[in-house]
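In the two complexes that follow, subunit A is the common piece, with subunit B as its partner first and subunit C second.
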Partner chain A sequence: MQLIDPCDETRTVSVKNLRVETTDNLKQLVEDVSLELLPGEILGVVGESGSGKTTLGLALLGHCRRGLRIGAGTIRVGGELLSDKGPSELQRLRGRLVCYVPQDPATALNPALRIRTQLAECLDKNGSGRNISLEDLLEDVMLPSGAGFLHAFPHQLSGGQLQRVAIAMAFAARPRLIVMDEPTTGLDVSTQSHVLKTVRRLCESHRVAAVYVSHDIAVVASIANRTAVVYAGRIVEMGPTASVLFDPSHPYTRALIRAVPDIDSTATVSGLAGQAPDGGADLKRCSFVPRCALAVPACRATVPPAVPVRPGHEVRCLRAADREHIHERSRLLPEETGSRSNTLLDVRQLTASHGNAKILHDITFKIRAGECVGVVGTSGSGKTTLARSLAGLHEDARGQVIYRDSELVSGTRNRDADARRSIQYIFQSPYGSLNPRRSIGASVATALSQLTTVPAAERRARVLKAFDQVALPASAIDRFPHELSGGQRQRAAIARALIVDPDFLICDEITSALDVSVQARIMELLGELQREHGLTMLFVSHNLAVVRSIAQRVLVMQHGRIVESGLTEAVLTNPSAAVTRQLLQDAPRFSCARSAEYLEEHDVV
Partner chain B sequence: MVIGVKFMADPKIDKTAPLTHAIKVAPARRSRTIWSASAVWGLILFFSVLMLVIFGPFLTPHSPIDFIGAPFEPPSSYALLGTDTVGRDVLSRVLSGGSVILGLSAIASMLGVALGGLLGIFAGYARGLVDDGIMRLLDVLLAFPQTILVLLFVSVLGSNFWLIALLVAAIHMPQVARVIRASALRVAREDFVVFAHGIGTSPIRIIVQEILPNVASPLLVEFGLRFTYSIALIAGLSFLGLAQEPPAANWGLMVNENRIGLMQNPWPVLAPIILIALLTVGLNLLTDAYARHAGKVNAGRSSAVDLDEDDL
Partner chain C sequence: MLKFTSAISPLMTLICRRIAFGALTLLILSMLVFFATEILPGDAARVVLGRAANETALQALREQLHLDEPVAARYWHWLVNICTGDFGTSLVNGRPIAELVASRLMNSAVLLVLTTGLTIPLAVGLGVFAALRRGRRSDSFLSVAALVVASLPEFVIGIGLIIVFATVVVQWLPPVSMVPPGTSVFARPLVLVLPTLTLGLVSFPYIFRMIRATMIDVLESDYMEMATLKGLPRWRMTFVHALPNAVAPAIQVVALMLAYLAGGTVMIEYVFGYAGLGQGLMNAIQSRDMPVIQVIVLLLAAFYVLVNLAADIVTILVTPKLRTGTW
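Our next item is the complex of A and B:
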């Protein structure tokens, strides 16, 4: 054990050679991680699902999930050696010295207690001795401190408000370190932008160090001073955010960046090839070798050490110095096919309501065959209701929808089989859209048997063909949904839609439940389908960057109305509606990280 | 847990290179096994009593209805558990006295769970007026005191195996329907059911193919619970002489017949009580273990947010 250096007050957090392993010692989920944080500094931790980023974040709190333990290394926060403390001491320090903001605030707050009670309890326990009032706490996160708000129960607040309450609670004790695990993943861009700004301001003003865990490198770019990229339990690249983003040296970082659509560029995204690591570091060689295009025999022989490529920027890659392999993002614009072809769908004065509440007002637009139309808007703008109304899943819709030459009635049951076949809908969450008790093959084949006259003997072959189209292996046919990853499930859902040869595909936020790297692969797939099979698509998303990378035209919605529409490029470069400008401004973007001083100092780009 | 994917981002990667195409099946985790210590104990208890009930009648040293000695003789080598109130062999009566209680309970709970489950699924799927109608009718049934209801019918219509099975099933039905309706409500809102609607699947097929398999776990748990209640209820009815009439051997009846001789020979009362207790405790442990297991598995299945958690 090392002695605590009492003079070393500058570094709030100091982690050395941290290893988190399973208690049976089989897997190292976090391996050889060393990092330091200054007061007020925010470190972004980026990685795919299963990379160990959450495990790392929790370990910084001295916490391990059941079945895991801290196997080696030290964690020091504010002079306390966390890795050495017993459970009762850790409990005393949590909430005061270290805090945690979980992904889903709805489950982090007690649904049966009023906001006032929960905040007061937090202040009582952790804020004692300091002169902090409830009002101060709420003011910090820009929430109203009126009686009405304090009297509310968690379910009466919006997701963004809840997350800000959770953040206020974390900052209540003025801890030295706050770990945030994807705190904005469930929020729409505008709320996300508010939350990110709040966190950044609070960290700076209270001199609190923060670790921000996320799979979205664009979000990290807009908040973190420094960024660490985690792959298979190791930090493969760490440095100042701008340096990592604009001059990535590890092939994995480069692939990850290519997978994220950037709001400021028209480049299409490209997914990561190969298999994501399923937990555990490779102790003998570089873990990225199986997916690496630059791998040389030496990569298989040793674990690359962390070497600085620039001051403060370290990379674990033997070929980091090899600059010639860096590819630019591909500048492929989605083709403009729409103007030449016929109108496929003509929506005139569509209104829809839910009970007494009117959700859609006078929606009028056209979609031409073969084009992809994006629908964007904040949550609650009615975009999902629009998608569902067109698909016939929302029955309470009025207005005229002309599909090809005939009018579409609302409600799938009232439509004929051919209309049901021709228009396919893909759901947001692949976790709910497949029956967990039926095999993937059976689920996909049901669509075929219900909507077409394909004889039973040919169905299996057709299912396999559809799997091939979406790059699912044939072996998935007998698997059950829980045996597949989120991305695979979404592919299966797409296969289920494609198997009946639809002409019009409605995609409702289909990538928002997925990792960015998986999202990129799904986007590539959709782009390919559009180009090669002439599929017409309605692509609903709250993410403008995603829409920009796939849609030729875009509709912007607010309060159930279309407030702006036009060619994607025109709308995004020259927005006319206030909501479009707001969405553009709030979108997380790479350029946030491009601080002027950094660029001058290092002469990058 | 991502499998190899065919198209790739980087043109430098050999597209023909075999990527691991085997899907990694989520490994059976130790924490997710159903065989906890209490589950094993439950299984042992339940199956030993079950074996005794099934094979007991073939192993009796005496006929269960023959008089072999004086009333309430203490245990001896001739009658291992002594004799009962009229001098019949207690061991033989214990060995052959469980079948009606167990059989009747099993049939009654199956019937109750099947009817209640069906009504619950239907109510949860249909919602609206149908739901209200079904559930309010079941509430009426729930309002009657259970044992009194059975007593009333049995005393009017006379004791009969199927009548009792039906009555006990009717008692279970409302509770089962409530639990299953709640599950069906949740499942019916899932996207895969919406999708089935979307492609025009008929309501019957949606219920059978999409909803039923997804409420199978709560149905099984309910069956275990109801089975336990049935045993207690039917043992009680037997005690009152409503399930079988003397001289038939029946654990419930034995307790009643032999109460007066508790001081001379406690075994004709104790032995049936112990067996009924072991049976219900065993069954309860098993049900509990299954319910916990099903809960864990479901938690793992619907983890949309905890990918990291799941990739452990």
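Our next item is the complex of A and C:
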């Protein structure tokens, strides 16, 4: 953003006025981006999905997806001007000077090639100069380096292992810059924590600069020295991570921070109003105008320039200096129902098995009407099986489940229509509840016609109302599941559950695959339903911060048993089980923004 | 029992299951073939001999076909006979069907092998080539050409080739591909050219387009983008990263096309008067020669099942995800 000498050799990366546009020149997906990185420095790039993070990250390797091109600007990495190179020269520099860690290694690693082959070709590129063995590479990322592991194919490894293989591949050539695109999205917290630590250690020890792309500010907070917030293709705020997180100056940054649940605070999240832009910068005005509560007429007249609010911290907002509009993060604790209300669900000695393997042992707990009970635990601890057993979807379950004074039989088919309406279940993957061959509207309406007596004439109106509740555009009603984004599909699945006015909602990791801003909206909606309509919930998640922001009570599971339970506050501030402590320790948190010393220096907060 | 099954590798279990499934399919097909041709309304003997047949001939035929026995028993005898290599005799000339079918089978096989041997490498090669150059001029040209050829029915292609190469335009090749009974087609190799060309043209666009689509899927995949970002050389991207992933789908395409060709030969052999199985089937249908129809249809069906079986097994063997369990 400030003028950078393009030949400054002390900087590993220097990007000036970069623009990535569609080849038909209609959209500028990355617009006027300038940034620089020192050796060993990690720059976090955050923004909602569709904001252009991936496009920006790929451009740093001189790569554009089909239909896109670098329209303007310079990219210099380690003394090489990438933006000037031809395809074959770029191909030579990639994997040596700049490397890439993909978002989803399960699809980015070649399914037909062994890990050995895929790792070794990263070394070959490196030439004969260095003496790094495959074993060293795997040790660097704490993977077993035995022949067996190297001999494996990608599908034989877990998500966390694959991601570490991808990271090993990126560090193999000891490049000057590594671009990581949401490398931990989709991993559970402990794996994520491992991966983050590994990346930080490697960047430091090998003096590699990194660009770390994520939609989750909490993750960026725990790894990046500096943070850039991207909105509609532009960097709207960039500065030292602590400065950006604890003293955000752009309204969008503030909204984004409010959308992320913080493990250390009881504040509820609040979603961002309005729709995320569908790609492309506005060249005439501030792109954030449609969603900005602070917009003034001047915002529609120009694109706000990047101005420093503090040394090294720049913001693109005309009202950045206006400080009075900043209010505290709301600290609204979801109300506790206490012992006032009746028990809605009473689970006694529930056990469940898959074939010969016993998955759940002796699960006993109660849920009172109107409360939200969170279920946390590492992956494989039996959370989903518990949720499915209560929903009647797990056939092989024993024990007593008493719902409103009568015993629930297992198997949804054996339950009467009212019980089926009253208890709704939302899957982790929305594909489970949406028929791929029917429009979203039809799928949602089916729930109405099967479980309620709502007359056909009113159904469409009810569907639209449910869409509105979950912030789905009305136009989605005629679209098919594959035509929606992951977040929209999940919201459609939620609409399908809510439309029948359930009394008890079972949510299984419903926000894990979503963007933080979409997640925030859904959390807000669920909180509202709970407060205003007395909806009772069982909320399964591996993300403690999310659970903390919605659940009054929490159950911690391990190996199919409840190892700890109690009020969320009590459990999280004073955990007794070892798993709970581990989960808390692994959760990414704002407070570990690395440049804590910066805060003291500049007297922020 | 448990121990025993776990001792066999999952791979073998998978393959054995697939083979068992193939055998079952064949059995069901044999029933379909038998009952479809056997259970005709009214008197089968009369259907075969026609309305004007006299009573003694009808009676003789009924005995020969064991029409007095229950259907299930007839099917059983027929199946056992076929399995032991006794295909029965033709109703038309009383000769053993095995003898009749053997030379035709040979001729058809020659046609099929020639066609696949020429078409598959060409179509696969061009399909991969077009995919690698997708969107460019060479790709568009190939794709349009394939589309045009694919839109022509096979007999139109056959007759068109006859007109061009054998009658009206030039007369380089024989318009019909008849060989005297008993002589090998290799005695007159020229008769093979037009049928092979026709079958090749019929199957080329199909394979070409499927391979091109498969290869494009592979090339647009995340792992190919990753290969680009790893800075791998082009040849390595194509041959080490892309092609191995296209093999399994390509095998399925080839199997489908082989199965299709087995049916396609019926029409082509008829057009060219080529003495293959297809023509034999047509003749048998015209003369209502039930046992011959049954045997030929069963042979075609068996070919179909075997090709698919082989394709599935090879697919299992070349796909790591199917071949290996979890590490």
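Definition applied: the second predicted complex is superposed on the first by the 557 of 605 C-alpha atoms of A that agree within 3 Å, B and C clash if a C-alpha of one lies under 4 Å from a C-alpha of the other, contacts with A are read in each partner's own complex, and residues count from 1 in each chain.
FYI, contacts are C-beta pairs under 8 Å (C-beta built on N, C-alpha and C of every residue); 3 or more make two chains touch, one makes a residue touch a chain.
Every value quoted in this text rests on a predicted model; they were computed, and no experiment measured them.
Colleague: Is A:Pro297 touching anything from subunit B or subunit C once the two structures are fitted on A? First, second, both or neither.
Modeller: neither
Colleague: Who does A:Arg420 touch here: subunit B (first), subunit C (second), both, or neither?
Modeller: In the superposition, A:Arg420 touches subunit B alone.
Colleague: Between subunit B and subunit C, which makes contact with more of the residues in subunit A?
Modeller: B
Colleague: Given the touch rule stated above, what does A:Asp104 touch, subunit B (first), subunit C (second), both, or neither?
Modeller: both
Colleague: Should A:Gly355 be classified as contacting the first partner (subunit B), the second (subunit C), both, or neither?
Modeller: After superposing on A, A:Gly355 lies clear of both subunit B and subunit C.
Colleague: Figure out whether A:Arg94 sits in contact with subunit B (first) or subunit C (second), or with both, or with neither.
Modeller: It touches subunit C, and subunit B stays clear.
Colleague: Could you tell me if A:His63 is touching subunit B, subunit C, both of them or neither one (first, second, both, neither)?
Modeller: A:His63 contacts subunit C only, not subunit B.
Colleague: With both complexes overlaid on chain A, does A:His482 touch subunit B (first), subunit C (second), both or neither?
Modeller: A:His482: touches subunit B, not subunit C.
Colleague: I'd like to know which partner A:Phe153 touches here: subunit B for first, subunit C for second, both or neither.
Modeller: Second partner only, subunit C.
Colleague: Shared contact residues on subunit A, subunit B side and subunit C side combined as an intersection?
Modeller: 65-66, 104
Colleague: Quick one: which bits of subunit C touch subunit A in the complex? Just the residue numbers, please.
Modeller: Interface residues on the subunit C side: 220-223, 225-234, 236, 240-241, 244-245, 319-321, 324-327.
Colleague: Applying the document's contact rule, which stretches of subunit B touch subunit A when the two form their complex?
Modeller: Contact set of subunit B toward subunit A: 1-10, 12-13, 19-26, 31, 190-192, 194-201, 209-210, 213-214, 216, 300-305, 307-309, 311-312.
Colleague: If we count contacts the way the header does, which residues on subunit A are in touch with subunit C in the complex?
Modeller: 58, 61, 63, 65-66, 90-96, 99-100, 102, 104, 107-113, 117, 121-122, 125, 148-149, 152-153, 155-157, 169
Colleague: Which bits of subunit A are touching subunit B when the two form their complex?
Modeller: Checking each residue of subunit A against subunit B gives 22, 29, 49-50, 52-55, 65-68, 103-104, 185-186, 255, 258-259, 270-276, 278-279, 293-294, 327, 391-393, 412-413, 417, 420, 425, 427-429, 431-438, 443, 446-447, 450-451, 471-473, 475-476, 479, 481-488, 496, 513, 515, 518, 520-521, 524-525, 528.
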